[in-house]
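Next come two complexes built around chain A: one with chain B, the other with chain C.
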Partner chain A sequence: MKKYVSFFRMRFSTGLQYRQAAIAGMSTQFVWGAMEILLFKAFYEADPSAFPMEFSALTSYIWLQQAFLALYMMWFLEREIFDSITGGGIAYELCRPLDLYSMWFARNIANRMSKAVLRCIPILLLATCLPKPYGMQPPRSLITFILFLFSMGLALLVTVAFSMILYLLCFYTISPLGIRMVAFSLVEFFSGAVIPLPFLPDGIRQVCELLPFASMQNVAFRIYSGDLSGIRGYGAISLQLFWVVALILSGKLLLKNALNKVVVQGG
Partner chain B sequence: MELYKKYFGIHFRSAMQYKVSFLLTTIGQFLVSFNIFLGIYFLFARFSSVKGYTYQEVMLCFAVNIMAYSLAEMFARGFDTFPSMINNGEFDRILVRPKGILLQILCSKIEFTRIGRMIQAIVMFTYGVKTSGVPWSVDKIITVCFMLIGGTALYSALFLLYAAVSFFTIEGIEVMNIVTDGAREYGKYPFDTYGKAVLKIVTYVVPFALFQYYPFLYLLGRNTNKVLIILPLASAFFYLPCYLFFQIGLKHYKSTGS
Partner chain C sequence: MIEVEHISKIFRVSRRNSGFKEAAKALFHREYEELKALDDISFTIADGEMVGYIGPNGAGKSSTIKILSGILYPDSGTCFVNGRIPWKERKAHVKDIGVVFGQRSQLWWDVPVIDSFELIKDIYDIPLTTYRNNLEELIALLNLSQIIKTPTRQLSLGQRMRCEIAASLLHEPKILFLDEPTIGLDAISKLAVRDFIRKRNETHKTTVILTTHDMQDIEALSKRIILIGKGRLLMDGTLDDLKSVKAEDSIDEVIASMYRKYDIA
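Moving on, here comes the complex of A and B:
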């Protein structure tokens, strides 16, 4: 375990070095969040009764989404891992007395967290200072907040476990670019990054909520704002747990299969 | 112009060398903007209109905006890679050649994969044109053409500004993307959807509304002032300060030496 923790720390401190990029990212996220909220406000004014969640729940959702973008956006993948698979650098990785899956997993979590830590605090602070309908609301109760944190953690695990599958598919195909792009758009839409899932029409929405993508950011952010509470909240968290286990297991299986037949060309 | 055609041919042929990669990137481009379309579609499945605009009208607006953006991106892509050109000293080679500097930068890269976004824009444009209920008289057709021209010019001008900034910073400034990507992303709805403050910014600071919002009102017949027909062309004037800034940057240019 210690080995993986040190991998985590290495990657984490590298991530913290990019402060310029963080400032640019933060300002972009802030503008994006504001535009998104203004847009939904226009829809809210058009027909408040058709709005599927409280407006304040929506604003919290959007600010959380912008603040923790780096944690859950699928396209924050590590190039180095792809390169090591396609370029043969994997041979070195395999020499280490470490489990490849756990090592990459730790690296990815560290990478995402280091990016998010730099960005989330200023965005959240600013968002809390905004006037009433536009700003971030404090969580409803302590229990909600604890559940929210727990669900955030699970969501990160689901996201990383899914991206591990994307890395590992590289072993099986010559041109992983196509798969990656299709996966990015699928995840983006079905995780509620384009529009929050409650806005989807009935029928489609229920199916979407069962998919692993809904276990990414959707659950955590909706628990925070009270949109998912009580029994439905616990149900959603159990589903998250299920997807964490299922995705990690299938990732490990993929890796085992791939390593059985991997051939690293010399040179 | 002759030279540009030559370069166009070269880039086209080189893109066609990697057919699979070209196809995949094109599909990727298509999918990304397809998500935006789905977002609009599902919102309108729930709400019948926003600020009085119907789904079909928003589609038309979205299509014009994204078409202008992808045209600009296809042809003015050279500006986007300009920071790396300064960085690796490639720009010094351009300076010694006896042809226009801007022309050479434009020619250095023409991105055909943006066609994916373009195809999407064309499909939605056709849909919007057919169903938005706009009576297509000559003046309205001219307005749409001007909207496209003005939009493409404005986006290209912003790319030029992005390039010019890199004279001073050597690196590309990511913050600039807020303006270009933001307008691409949020220009899907007519700008008054976002409220008065935003509308003022996109009218007076970066004149996106001149090609997107005001002439759009004319198309829908909500404002019959004839001036709105040629208003999109005014947004092309944004090119002037950007060009001046580029020239100032050029005077300050010191080679990085690499």
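Moving on, here comes the complex of A and C:
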């Protein structure tokens, strides 16, 4: 276990080095969040009764999403892992007494957390200072907040477990580009990163909520804003748990299969 | 103790002629050629031996190293390294070996080398005192005291290679695989690396298997030579055996004439 913790530490401290990227990211995300809220406000004013969430729940959702972008956006993948698979650097990683899956998993979690830690606090602070209903609301109760944190953790695990599958598919395709493009658009839409899932039409929404993508940011942010509560909240968290286990198991299986026929490229 | 018995490995290589038409044709029908990377290779290496593993580009040297280090599965044949089958017991096996791939890096690019070393310490569960002693020894012998504080990206190739070798020895492996360790190095770095490898073999009785194209490496380091070409084992003998082919020529010429003789150039 210690070795994976060291791996985590190493990646985390490397990630903290990139200050300029963090500043650029924060300003982009703040402006983006503001624009998104203005856009939804226009919809809201046109017909408040057709709006599937409370407006203040929506703004909290958007600010959380912007603050924790690095935790859940599919495109925060590690280029080094793709490179090591397609370029053959994996040779060294296989020469270590390590479980490749756990090592890459720890590394991804560390990378995402190091990015998020740098960015979330200023965005959250700024968003809290904005006037109602545009700002970030405090959580409704302590229990909501605890559930929210728990669900955030699960969401990170689901996101990373899904990224692992993307990395591992590269053992089969040589170029990671195609898979990445398809996966990014799919995940972005079905996880509620483009528009929150409650805005999808009935029928489609119910199906989407069962997919692994809905277990990423959707659940946690909606629990926080009070849109998912009570039985529905617990149900959604159980589904998250299910997807964590299912995705990790399929990832491990995929890796085992890949290593059986791995060809380390180049000299 | 390394025992390799009748190992074979076949790669499928896709081939096509140049041109757009051929590329379009390859969309529907691909022609594969089977390439015998290794063809019935057998040899035994005793503990503490230093062996030069040579052959032209594409002969199968790296494939052999990869099989011995447990990364690649052979199609047939077996091999035991210290009694273990590398690819079946990968994690236990790799604790006993150190590997340097001259053309790749195992050090983290953006952090000082010493941080990579610390990580390796945790990866191999090296006890702190052992780690400190080994590190001290390697720093002294490879002259690393200043270099290890520098991020890997700012090292010269020669400096980096010295660090790579140190990194692969921190856990005191019994066997060291060096895949072209002197590639691209200047004269001074080459001499330093060779000198170090020789001393390591003498003092720690580390078994060393070295692939190289540099015949001076072979002359300076190994008494025993295994020559392979096109996946086949051509010669397993001493440097003198090789020289006796054509005594008056330089070793490079001897090798070249061997390659021609076996039609593997």
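Here, the second predicted complex is superposed on the first by the 265 of 267 C-alpha atoms of A that agree within 3 Å, B and C clash if a C-alpha of one lies under 4 Å from a C-alpha of the other, contacts with A are read in each partner's own complex, and residues count from 1 in each chain.
As a convention for this text, contacts are C-beta pairs under 8 Å (C-beta built on N, C-alpha and C of every residue); 3 or more make two chains touch, one makes a residue touch a chain.
What you see is a predicted model; the values in this text were computed from it and never measured.
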Would you check which partner chain A:V194 touches, where first means chain B only, second means chain C only, and both and neither mean what they say? first
Where does A:I143 make contact in the superposed view: on chain B (first), on chain C (second), on both, or on neither? neither
Quick check on the superposed pair: does A:V207 touch chain B, chain C, both, or neither? Answer first, second, both or neither. neither
Partner chain(s) touched by A:Q17 [first = chain B, second = chain C, both, neither]: second
Would you sort A:S185 into first (chain B), second (chain C), both or neither based on which partner it touches? first
Could you say whether A:L125 touches chain B, chain C, both of them, or neither, answering first, second, both or neither? neither
Scan A:A246 for contacts with chain B and chain C and give back first, second, both or neither. neither
Is A:L94 contacted by the first partner chain B, the second partner chain C, both or neither? second
Given the complex, residues on chain C that touch chain A span 11, 62, 66, 69-73, 90-92, 94-95, 97, 99, 101, 103-106, 108, 110-111, 115, 118-119, 122-125
Help me check something: in the complex, which residues belonging to chain B touch chain A? 20-21, 24-25, 27-28, 31-32, 34-36, 38-39, 42-43, 45-51, 173-175, 177-178, 181-182, 185-186, 189, 193-195, 198
Sites on chain A touched by chain B in the complex: 21, 23-25, 27-28, 31-32, 35, 38-39, 41-43, 46-47, 50, 52, 175, 177-178, 181-182, 184-185, 188-189, 194-195, 199-201
Partner chain C, residues of chain A touching it in the complex: 2-3, 5-7, 10, 13-14, 17, 88-89, 91-92, 94-99, 260-264, 266-267
